[in-house]
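Order of writing sets the labels: A, B and C. Residues in every chain begin at 1.
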Amino acid sequence: MLYRVMDKRELPALVRAFMESYEVVAPVKRGSGYVFDVIGSPDEIELDYTQTDASPKKYLMPSTETLMRFDAQMNLVDDFTEQVTPRVVFGVHTCDINAMNRLDIALIEGKYVDPYYQARRDATMIIGISCVPGDNCFCHLWGADEAQFGYDLFLHDIGDKYLVSMSNVEATNILEAACEISEATDEDRIAFRQATRARQAAFNKDIPDVQDVAMLMDVFHSDPFWEELGSRCLSCSACASVCPTCFCFDIRDVLAPDGKTGERVRTWDACTSPGFAAVTGGYNFRPTGRERVRHRMYHKLNGFFVNHDRMLCVGCGRCVKACKTGINPIEVLRFFKRKGADHAK
Amino acid sequence: MQSNMPRGTIEVDALREAPQTMSGSEMLLGNAYRPWPARITSMRDLTANEKLVEMRFIDERVREAFVHEPGQFLELSLFGVGEAPISITSSPTKQGFVELCIRRAGTVTSALHSMHAGDIVGIRGPFGRGFPVDKFRGNDVLIVAGGLGIAPVRSLINYIHDNRSDFGKVTIVYGSRTPSDIMFRDQFEMWRHRKDFELYLTVDHPDDTWDGEVGVVTEPMKRLDINPANTYGVVCGPPVMYKFVVQVMREKNIDYDHIYLDFERHMKCGMGKCGHCQIGHQYCCIDGPVFNYWEAKNIQGSM
Amino acid sequence: MGAFSLITDAERRVPRVVVVGLASCFGCQIQITNAEPYLMQILGQIDLQYWQLVTSEDMPDEFDVAIIEGAVTTREAEQTVRAVRERAAHVMAIGACATTAGVTGMAAPGLGGRVGEVYEGAAPESSGELIEPRPVSAVIEVDSEVLCCPIDPMDFVAALQRVLFGSNRLPDTRTLCSDCKRNETECFYNDATLCLGLVTRAGCGARCVNLGRPCNGCAGLSPDANVEAARMACATYGVDVAAFDKALEMFNQVNPALAESGDE
């Protein structure tokens, strides 16, 4: 990976340069937390954020979007064009970059390309930034604490400077035009190594590191644990809304008030929604919280892994905060840890 | 979606704008969420609740590019009402037309029941992995269907019929609730009469007209003489049926991966994205809906 | 199933619609008028035969779609909705009173005594024969609902269109919190503030929370609400569980699911 070094004081100049030709969104403070939002000035950015409450996936797959317009009377498609706002998402952590890479697998790799996601992904530049893990972070368990690809620039914090990984020509041109960048010195390299070490050491050691999680998901699939965990589910789907890799959706037709034309829209849905797996006639393949919560965890910690060799969970920890009844992957890891204790029955 | 658009453009054209340079498969796959108009060419009652609907794509390129395998499904679209996944019930050997067996069950199917020949519907697809007819070729096939489960397997039955000499002994066991719920009976009876197939019809609730077998499909199955070395099993029906039918097939020593099951789930997008049809780690819509029993056993929550 | 077959079937009749008001503030009928820019378009799609709020005529005997606002609080109202059910192909309940018994439902426990608190002696004859307030669905089968107090005019328009033209959209039964996460509004529980979004049916888009107010549950308890887990959440986040139960009474007093879990 090509890399250079820039002085931290030049960051506002870089952001302003992006703002000239892009809408720039970045973590900003809201209430007691952080959100990704459009900024009017580099001063609004809070790069020290631990985690935003919701993920930046909303820029690649909005919670509701139009798929097409239609003429309901003729039962035909009408013309529909949407120009996606060219956008820079600034200050993205590795968990979210890895999450977007997983969304790419689900939505644009394989036989069917999702043209809506693709268009937004194409129009979006990702500027990553290194972070210090918070108490709920466990990205390191799934290898999501590093971003190999999926960003345009990545800023590694090395004290007064950033070590910048550069993977996109356009972003590099903007960087070079806006900032003084230099070759890294040995001192910078040492600083980078120390930063990675400090980060590694900062992970919450109370979160168990369990081997063979995907297989354990199969082995303990019928354990009473799932009844216990699932019986706490509020059926609110907050977990899926904040999750950076939940991409499930519903498709709905919305008629205009005249009843003649309308839009086919898609809107986020979740396997924890009670009717998600119901078929016409009412039969529900996952009728209770037990099956639904287990399925969600199974998809995050087994299903995607089996098909794509990486966990769908990236360990961002958002669901840990969002779920009011404490249903999250850490609880699953703790359950496996209990099963592995010497005195476990 | 066109490649010459500026990056980040989402565009869905009305049919009249579809560029002449686009091929049929580009039209079907470029934006697979977009239905293409098809005209209903005929509609006839199969039972009080089920109709056989024949459709034909209006655009010739789409019509030619839409080639399905027996067991695949499509998404039927009535704009304003919504979409429904429907098994294709015609054989791919019937070219230019698509037949669907529509039970009046949900809103889309009810609305379709009130439509007429000449009306336009939207279709996208075909989706999913159908029956591996190439594997079946040269072998005996035991087809067991219950209720509306006959719809997807009729595609297979018709396909086999149209290529009859390619297949060995073909046995159809078809269970219905009542005699008046039996679909395609005339066709099947005729083929039985011509010794094309062995046919066993059963009903749960007989009426005065019924002199055939009463009970579950596993009863006639048990009496069948099967050569497990060259027999493929096919099962499609209501969720409760699978376990029992598979059990009998296993008792007949048909191998795990020679038993093919057609699953029903809520296949909303049809292309492995929306998640509604997930079974364990698989998507019923792209990995299935046809799975062999070995695969099914490897999927958590499949049966 | 909708009444849409009426307009797609051979006779292609424009559906005849009546709007009936029971015990309520009639605010939801007012809300219909607030769909102002679209009223003419909507009226073009139906044959509006009766609207209690705007007419002194009697309700006609024949109609296809009945829209009911308000809770059933008297024997007379009970008979009215039964009669409506017999005639209508589709019954739509609108607003919290019709769908949950709403605020009127708060009078249900110890109804007899409450009458005495309001009136000296028995209620006047014009009140009718009072019964414990209940939602329309407790008396007859309801085909569709528009939730909240009051209803949103455009929700009503959309619901009416689903009746007229059919829709395979399933009603959401999940609870509200997911909407706050989409809206990226701060959770009241972070600040130990009671909010009923934990158990209240989604669909409104968390409108009140967007305006800085906790959910008061006007969409009613979700059929999939997990009240026990929500109480646990309250305890975890320092919200008084008794206050949570009390707050639920405003729109869910007569919900049998709540009565069951409350008795535990």
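As a convention for this text, a residue touches a chain if its C-beta (ideal position, glycine included) is under 8 Å from a C-beta of that chain, and two chains touch if they have at least 3 such contacts.
Everything numeric in this text was worked out from a predicted model, so none of it was measured.
Trainee: With contacts defined as at the top, give the pair, A-C or B-C, that has more of them.
Mentor: Per the contact counts, A-C leads.
Trainee: Farthest from subunit C by Cα centre, which chain is it? Let me know.
Mentor: Relative to subunit C, the chain whose C-alpha centre sits farthest away is B.
Trainee: Subunit A to subunit C: how many Å between their CA centres?
Mentor: The computed centroid separation for subunit A versus subunit C comes out at 37 Å.
Trainee: Report the inter-centroid distance (CA atoms only) between subunit B and subunit C in whole Å.
Mentor: Once rounded, the distance between the two centres reads 41 Å.
Trainee: Mark out which residues of subunit A touch at least two other chains, giving numbers and ranges.
Mentor: If we look for residues of subunit A contacting two or more partner chains, we find 72, 252-253, 255, 259, 278.
Trainee: Which subunit C residues touch at least two other chains?
Mentor: Correct list: 161, 165, 167, 169.
Trainee: Pull out every residue in subunit B that's touching 2 or more other chains.
Mentor: 78, 80-84, 106
Trainee: Please name which positions on subunit A make contact with subunit B in the complex.
Mentor: That would be residues 67-72, 74-86, 106-107, 110-116, 118-120, 122-124, 218, 221, 247-253, 255, 259, 262, 264, 266, 269, 271, 276-281, 283, 285-286, 291, 295, 298-299, 302-304, 306-307 of subunit A.
Trainee: Hey, which residues of subunit A end up touching subunit C in the complex?
Mentor: 30-33, 35, 53-54, 63, 72, 231-238, 240-242, 252-255, 257-259, 268, 270, 272-275, 278, 289, 322, 324-326
Trainee: Would you tell me which residues of subunit B are touching subunit A in their complex?
Mentor: 1, 6-15, 17, 29-35, 37, 77-84, 105-106, 109, 119-122, 239, 264-266, 268-269, 271-276, 278-282, 286, 300-301
Trainee: Which residues of subunit C touch subunit A in their complex?
Mentor: Interface residues on subunit C, with respect to subunit A: 35, 37-38, 41-42, 44-45, 154, 157-158, 161, 164-165, 167, 169-170, 172-182, 184, 186-187, 189-191, 197-199, 202, 222-226, 229-230, 232-233, 236-237.
Trainee: Going by the contact rule at the top, pick out the subunit C residues touching subunit B in the complex.
Mentor: 1-2, 4-5, 8-9, 161, 165-169
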